[in-house]
Each structure stands twice: as structure tokens, then as C-alpha cells.
Amino acid sequence: MAAMQDVQKRADARGIAIQRVGVNHVQLPFLIKTKDGGFQQVLADIRFTVSLPKEYKGTHMSRFVEILMPWSKKPLAEPEMDAMLSEALGKLDAESAEIELAFKYFLEKKAPVSGGSSLQGIDCSFTGRKARGMAMTFTLGVAMPFTSLCPCSKEISDYGAHNQRSLSKVRVRFAPGRECIYIEDLASLLERQGSSPIYPLLKRPDEKYVTEAAYDNPKFVEDILRDTVLALRKLDGLAWFSLVCENQESIHSHNAYASHEETLR
Amino acid sequence: MAAMQDVQKRADARGIAIQRVGVNHVQLPFLIKTKDGGFQQVLADIRFTVSLPKEYKGTHMSRFVEILMPWSKKPLAEPEMDAMLSEALGKLDAESAEIELAFKYFLEKKAPVSGGSSLQGIDCSFTGRKARGMAMTFTLGVAMPFTSLCPCSKEISDYGAHNQRSLSKVRVRFAPGRECIYIEDLASLLERQGSSPIYPLLKRPDEKYVTEAAYDNPKFVEDILRDTVLALRKLDGLAWFSLVCENQESIHSHNAYASHEETLR
Amino acid sequence: MAAMQDVQKRADARGIAIQRVGVNHVQLPFLIKTKDGGFQQVLADIRFTVSLPKEYKGTHMSRFVEILMPWSKKPLAEPEMDAMLSEALGKLDAESAEIELAFKYFLEKKAPVSGGSSLQGIDCSFTGRKARGMAMTFTLGVAMPFTSLCPCSKEISDYGAHNQRSLSKVRVRFAPGRECIYIEDLASLLERQGSSPIYPLLKRPDEKYVTEAAYDNPKFVEDILRDTVLALRKLDGLAWFSLVCENQESIHSHNAYASHEETLR
Amino acid sequence: MAAMQDVQKRADARGIAIQRVGVNHVQLPFLIKTKDGGFQQVLADIRFTVSLPKEYKGTHMSRFVEILMPWSKKPLAEPEMDAMLSEALGKLDAESAEIELAFKYFLEKKAPVSGGSSLQGIDCSFTGRKARGMAMTFTLGVAMPFTSLCPCSKEISDYGAHNQRSLSKVRVRFAPGRECIYIEDLASLLERQGSSPIYPLLKRPDEKYVTEAAYDNPKFVEDILRDTVLALRKLDGLAWFSLVCENQESIHSHNAYASHEETLR
């Protein structure tokens, strides 16, 4: 075994430094820190890469998995992402490292009238990027579902109005030294810009409430996007966001779509 | 090359006749016969299998692709499915053969007021199964989208009612010697049981029409399923069906679901 | 509120008893009992239905979510599935109830030479079906990945042999009164029938071991299926199984496929 | 009807010009021009958007579908994409418009020894973006499958070497006034950088050829990426590319991954 060749370490003559090389779609349980000071176990789908200098033939793929295993057992937020990336820079001898965890996170929802409690799963992501000796860049992604009700349909119809599931997907980055928003708060910001929030558990009085709330608050996908932009701009320390809003139109099988990106400082 | 071993043809001692062996997720363009006497090119995802007697170690996977290639260029309906399966029985020396083509098929839709024309894609499947010397069993699958509007939400709310995209997925089999229904007619049967059909292209007067039509015709997923069962039972020669109806509830991120299966003769 | 109509409870005149009605794609964390006496938290995708007598217009969709919420917090195996279904039969006044939980479950894997530990996620399902006053029918589903190496390619080539990811998907049902197999044991049974197990973490000596093990143990998809059938038939108390084996051929972009189903008693 | 309100045309006071608003996941048959001067019908999944000035409340969603319908019947390449976008700029009174068509395109493949012909489907995209009075920016996307064989596994093992399906996904943009490469040529460039091309139809002599070719040409994902970068840099007029290479490791259920992006002029 002592003589087993390390093919990856051999010299490479092509002169190309690769921007990202590593593993994709590793699946592991991870612990995500929650707003209330605890943590939540999630199922993470992971991409984990480093840059590769032009001199080396390859990286060491098994080390990514070795680094991930112990980190999957520690409650995770920005500082732990930073430490995980620092470990990757060292163990893989790299100039920069990047990790993205995509996971479903659960929020407790209280039905608006009955107060009945249920759990709403939402798609989230943590992306960290770190160059040697530099601060980490952290990006939070949240996709929040809600209901939208069409203003045109309401206006032109004698009764009723078409409504549907909608989804706002946002990615946010804060200025260096500023704290990122909690998933819970960003999700709440997003759902407030729709016609009405949705809930896994609704009793009849709740259903009446949600139905009437949506009818009272009709919104085009353009309205949802603009109101979300206004709400995001008010976030203290926000440096950048990208936003996609999509209505799964109940009168079509295609979606109404709007997207927007801003660098704030 | 003459001496190249045919490993698959070797004898097998485990004594297990395999029910289905072949290829899955072959993707090819196919031509599907239309109701109006023409044909439509589709992108087919294909599973093609035969039974394997206990004496043989393996089947010949390349022959499935060889059989498919020329058939992908001939307009296809039940008789051609039968001929394709007969060819498989012969070339693969099998007791039974089965093929499933899953594809998106386009229907022309006319907007209800303006009459504007557009194309609605729907997921369909052709499944044929044939044992040596027997008639083919043919199963048609159609999944049709439409709008549903909730009767409970309408009843309990002072105004409005939640509505959403719905999908009915049916598979039908006709009695031996009886002709199968056309995709166009089965799709139409399905969408008539919802609160309103949907259309890729709707101008404002159409949107008013669809909104009011759905409000005038509220349906639970149970209503849609029952009305579809009643409509299917009236089909001349129908021998079996299985049906799934699902409402993509605009007030939840889970679906309302109903399913049912009947053997009619 | 007292006067709010219960539209679902109204009488229905169509005379159709629906086989399954309820919710689909509810997503919740659940706790699954492990072989070692503990439990593992998973992300469950849930279908939960009851039968609906012909007299009633609809079921009560919110009750499914109400039943699920507390059960998602208790470690779950067959007895708890039975109790959950009994609760559904009572609270929804139904003749039969069915629940399917689909989830990713993690197994600890030790690399074959270095012994390095890592977690392999596999797709599993628990399906329970219960009619009033009867014993529950429980079905366990496990999909296990491994490597397959082609016997034909090995035989006809002067060196090398194509190999690829494979997946065996099995569903098993045991005779009344007999205990179901553990996920861990069924997964192990499945992977032993491939050319070699796979591991998230492999160091160089492990990679050499796995490469040579697969080359020493070439298998067609037919071999994998037959060896799995032989292994399943030896399971004490097994009443029924259905099996799909699929090789993601590295020399094609379609799969080699085999499937088989047996009722044993 | 004359009095029906155009809600979308109303003034908006929020002061936000939206970057992209329109429709997503419209599905239609389209005709794509082929290298040999003909065309191929494909199933297109379409996103079609325009910018919206801050003064208007909304765009007119039905016009996107109206524009698409006739264009879906004309063989399409860069000039037709440009004309479609010009039509959108006019009919939707917009400053910029963007369209992306994602589709499966079929290439004829000849088996390397037997010469047997079959069709390989590959995922492609056309993206066009046009600002009023400016030239269109056109981006071509192609994802090509092939086989990769691991150099480390070959080197350290006494026999055999793990190999697997790989996929290179590239997006390319050419300098203004320079012609874009054909799908056929870009696909061929990509597959030549793997260990061996793959084919839907392979007879035994072909399988021997492909097996030995891959064993003779081992490549890490880093090698595939670098060789692809070298090949892309030689394309006359190429202005920008982004590249992702991924090996679906047969000894893991996660992928080896590399990505890279370059602006060339």
C-alpha cells in the first residue's frame, strides 16, 4: 500500500487553474440553528468545491466527505460555515472554497382564526464562499409559498376571481460585518407580499378568513415582486438580492413570472 | 470477431423465469396518430421489455433499440403497437413482450369567448402487452389539467372562493375487439368534470368567462372523481379504468387527492 | 360561526363509494425506529387517505393533517402505523384507511479496507393499509444503490469492463403475525447481489478494493434480479414482494431494466 | 365588453422598473434548424419575458402566448430568435426582451465498429436577449453525455477501473457579428473530451471497442474540464462560455463535479 500512487498529485501541463472542483449531490443530515436559539435537523443536498491550481492534476475527492461528516453533527450558522470552509482551504491546500447546502426547513404556522398549529416546509439554502485570508461571503436562499389572487380577474368578473399557489424565491447577501436575516424572518417578509399566507392546517373559520383575505388583497406577479423589492430594500445591511416570483396560474398550465436583482451597496 | 462469446445465451441454473427484462428511459421521437386522421410527432420516453425463460442467462439489450428505431418513423396507433410487440416476440424469442411510451401530446384549444387558438400539452401514455399467439392488451393513459373551485370555501365565505390547478390522470382498457377512445375525446371527458377547462391563451373576455364559470361550478376533488367515474362508465366497451384526481390547493402546499379503480366487464 | 355549513357532510346522490380520498405530498419530519433500538429523524413525503361511503359528499381534509402532527413526534414502526390508521378510521368515520410515508433513511457504511465511516442515504417507504376491525397490512419499500459490472463487456474485451451505478427497488410484505425485516437488513440483502457495494467515503486502498471486487463479480441486470429473488425467497415469513433492478449503463444514456413480482404464501 | 377595464395598463406609483416579467414553462412544439440545412421538431419548454417600466402596473401575459404560437411553426435559428424578440419589443412596448427555449435535440450516432445507426437525445437551449435598437445576444446551451474512466482506479487496481456516465453542460456566446457553432459540432467537441463517446445502439464488437477505448483513455473530471476548456478556446469568435462537467461516480451515489467560466474577448 505504501507504494500506491497518488495520481491526483501529479503535475499538470495544460496551464488551466480550475475555478471549482469537488463533489455534488452529497446527501447528509445537517443541524441548522433556529431563530429561537435551538436547532433543527434537515436533509441537506450538498455541493462542496475548491479551486485547483494549474500545477495539480486533480483534487482529493474523499477529503470533502471526510470534512462534511463531523460538521453534519454540529448546529450550523454563518460562523460554522466559515470554519468548515477554512478547514477545506487547509486540508485541500486551495485558494478558495465554496459550499452550498440546500434543505427543506420547517416553520411553525398558526391558523389565522382557530390558532391550530402545523409545520410548513420551505426550501432554503446556505451558500458560503471563502478565499484564503479573506472574510466569507454568505448567501441565504429562501423559497416561500403563498396564495395570489388576480386583480384583473376580480375587476372584470361579476363574481369570483382566479387564485393560485405562488412562490417567491429570494437569495440575499449582507454587507461585511452585518448579520444575516433569520430564515424565519425572511420567509415571513416574503409571504406578507402575497394575497394571503397559506397553512398546512386550516379549519372552516380559517378557510373563510384566508379566502376573504386573498379576495381583499388581489395582486399580480408584478405587484408581489415590487412589494417584495420595497420590503427587501428596508433590510438593514442588505448588500445584494436576487428575486424570482412565480404564480402557478389556475387558468393556465404555465406560470406568470417576474425576476429582479439589485446590488444595494 | 467470429469467436466473440454470446454470454447472454449461456444456460442459467437458478431456475427463475424473469417476468420483464429490457430497456428503460430510451428517448426517441415517435409519430402518434391523431383523431383527424393525421399524426403528431412526440418525444417518447420508452420502457420495452420481454419475459426471459429460466434457461437463458440474459436477453439481448441492443435488439430492443434496433426494433424501436424504424417504428419511431411510422404513425402509430394500436395496430402498430401490436406489430411492434410481435416483432419483439420473434426477434427476442420471448413468451411475452410489453412496451410503454410516455409522451406529451398537444391539443388545440379555442378560447371560450374570443375563439383564440393555442396548443395545450398533456401527458399521455400507450402501453401494450402481448403474449405469444394472443391478442394485445392496450392501455391508454391521459393526464388532463383544469381548474377546480372549492364548494366549502364558496359557501362559507362572504365573497370569493379558493380555486387552483387540478389534474385528472386516467388509464383505460377496452374489451377485446372494441376500439379504444381517442386521446382527444378522453381528454375532453376529463376536463368537463372540473370546475372549468383551462387554456394557454385567454384574452380578458375569456378570463371573465372562465372565472365566472368556475365560480358557478364549484367541485371538491370527490365531486370531480365521482363525475369522472360516471362519465367513464358510459364509454362503450370500456373494460377497466384507474383514476387519480388531484387538486393543487391554493391555500396549502399539499394536494387534495382521490383515486379509484374499476373493472367493468 | 355556529351556522357555518359543513358542506362535506351533505348527502350525495351519485351512489359512488370512493376507494381513496385524502391528502398527498404533505411534508413533515418523522421519527423512524432503527434496528439498534433508537430512532432516526427523516423528512417524510406523505399520502394519507380513507375510503368514502357513497352517502357522503366529502371527507374532512384538515383532519388528516391534525392526525399527522402529533404522530410525527413519536418514534414509528409497525405498531405505531397501525395506531395512526385506527385513529384515522375513528376520526374520519371510514371503513378503510391507508398511509404511505416516503423518506430518505441513512445507513452507516464502513469503507472496506480503511474502515472509514460515512452515511449513505437510501429511499425507503412505509405503507400501511387497514380496514375496520382487521389487521393492518404493512409494506416496506427500500431502494439500494450499488455497482454493477457487465459480464459481456468483461468477456469480450481485452481489458477493462464497463460498470455503473445500479439500483434495486423492492417492496416486501410479510405474513400476518410475522415481523417485517429491518430496513438495514433488507438494504444489505439488496447490495450483496450487485457486483460491489458503494460507499460515500473511499480512500485509495478502498477504491482499489471496490474496483477489483466489481471486476471479480460481473453481473447482468438479470443476474442481480435472480440472485435477489433467491435471497428474498429465504426470508422467513415473507408473503409477497415486487422487485425492480436497473443499471444506469455507462455506455448508454438509457437503463437496463428487470422487474419481477411473487406471492409466496 | 367595450368597458372592460385594462387593469395592467394602470399607473404604478412604487417607482420600480422590473427587469423581467412574463411567462414561464409554456410548452410548445418548435422547429429547430439543423446543420444539414433541414429542421427538427422539438418539444420546447419556454420562458419569455420583457422589462416593465416603472410607470405601468403590469404587462399583458396573453401577448407572449400570441407571439409564440406562429413562431412555433417556422424553422428557427438566430435570425428568427431576433425577429421574435423584436416582435415582443413592439407588441409589449418594452425596452428589452428575453426568451429561453429548452429542448431535447436528437443527434444521429453511428456505432464505432458495426456502424449501426441510432438517435441520441441531448438537452439544449437557445437564449436570446435584445434591447430596443441593439443587436441580440444569443447563448447556446448543450449538455452532452459520454463515459469517463477513473485514472486513479486504473492505476492502483491490479485489473479493471471504475467508469460511469458523465455529462458536460456548456453555454457559449459568440462575439457580435460572428456565427454561433452548430449544436452538432458543439456536442461532438464535448464528447471527444471524455474517455469514450456513448451510443444508444451497440452490438458486441462495438461494446468491446467502447470498453477498451475508455480503458485506454482514463480521465478525471478535472481532465475532462481542462481538455474541454482548451477545445473551446480554439473556437473562432467565441466570446464567453460557462462549463460544468459531472461524473456520476459508479462507486458513490454522489457526483464528481467541476465548473469553469471564461470571457474571451
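For reference, chains read A, B, C and D in written order, and residue numbers begin at 1 within each chain.
What we mean here is this: contacts are C-beta pairs under 8 Å (C-beta built on N, C-alpha and C of every residue); 3 or more make two chains touch, one makes a residue touch a chain.
Just so you know, these numbers come straight off a predicted model, no measurement behind them.
**Student:** Using the contact definition stated above, find the chains touching both chain B and chain C.
**Tutor:** Looking at chain C and chain B together, the chains touching each of them are A, D.
**Student:** Return the chain whose centre of C-alpha atoms lies at maximal distance from the corresponding centre of chain D.
**Tutor:** Here the answer is chain C, farthest from chain D.
**Student:** How many angstrom lie between the CA centroids of chain A and chain C, rounded to a whole number?
**Tutor:** 29
**Student:** With chain centres defined as C-alpha means, what is the inter-centre distance between chain C and chain D in Å?
**Tutor:** Chain C and chain D have C-alpha centres separated by 36 Å.
**Student:** Rounded to a whole Å, what is the gap between the Cα centroids of chain A and chain D?
**Tutor:** 25
**Student:** Do you know which chain D residues sit against two or more other chains?
**Tutor:** In chain D, residues 4, 26-27, 65, 121, 152, 156, 200, 202, 204, 208, 253-254 touch at least two other chains, as defined above.
**Student:** So in the complex, which bits of chain B are touching chain A?
**Tutor:** Checking each residue of chain B against chain A gives 120-121, 145, 147, 149-150, 152-153, 156-165, 196, 198-200, 202, 204, 207-208, 210-212, 214-215, 248-254.
**Student:** Which chain C residues qualify as touching chain A in the complex?
**Tutor:** Spelled out, the residues of chain C in touch with chain A are 1, 4, 6, 26-29, 41-43, 62, 65-66, 69, 72, 104, 106, 116-119, 121, 200-205, 208.
**Student:** Under the touch definition given earlier, write down the residues of chain A that touch chain D in their complex.
**Tutor:** The contact residues of chain A facing chain D are 4-5, 7-8, 12, 14, 16, 18-27, 47, 49, 52, 57-59, 61, 65, 151-152, 155-156, 220-223, 225-227, 229-230, 246, 253-261.
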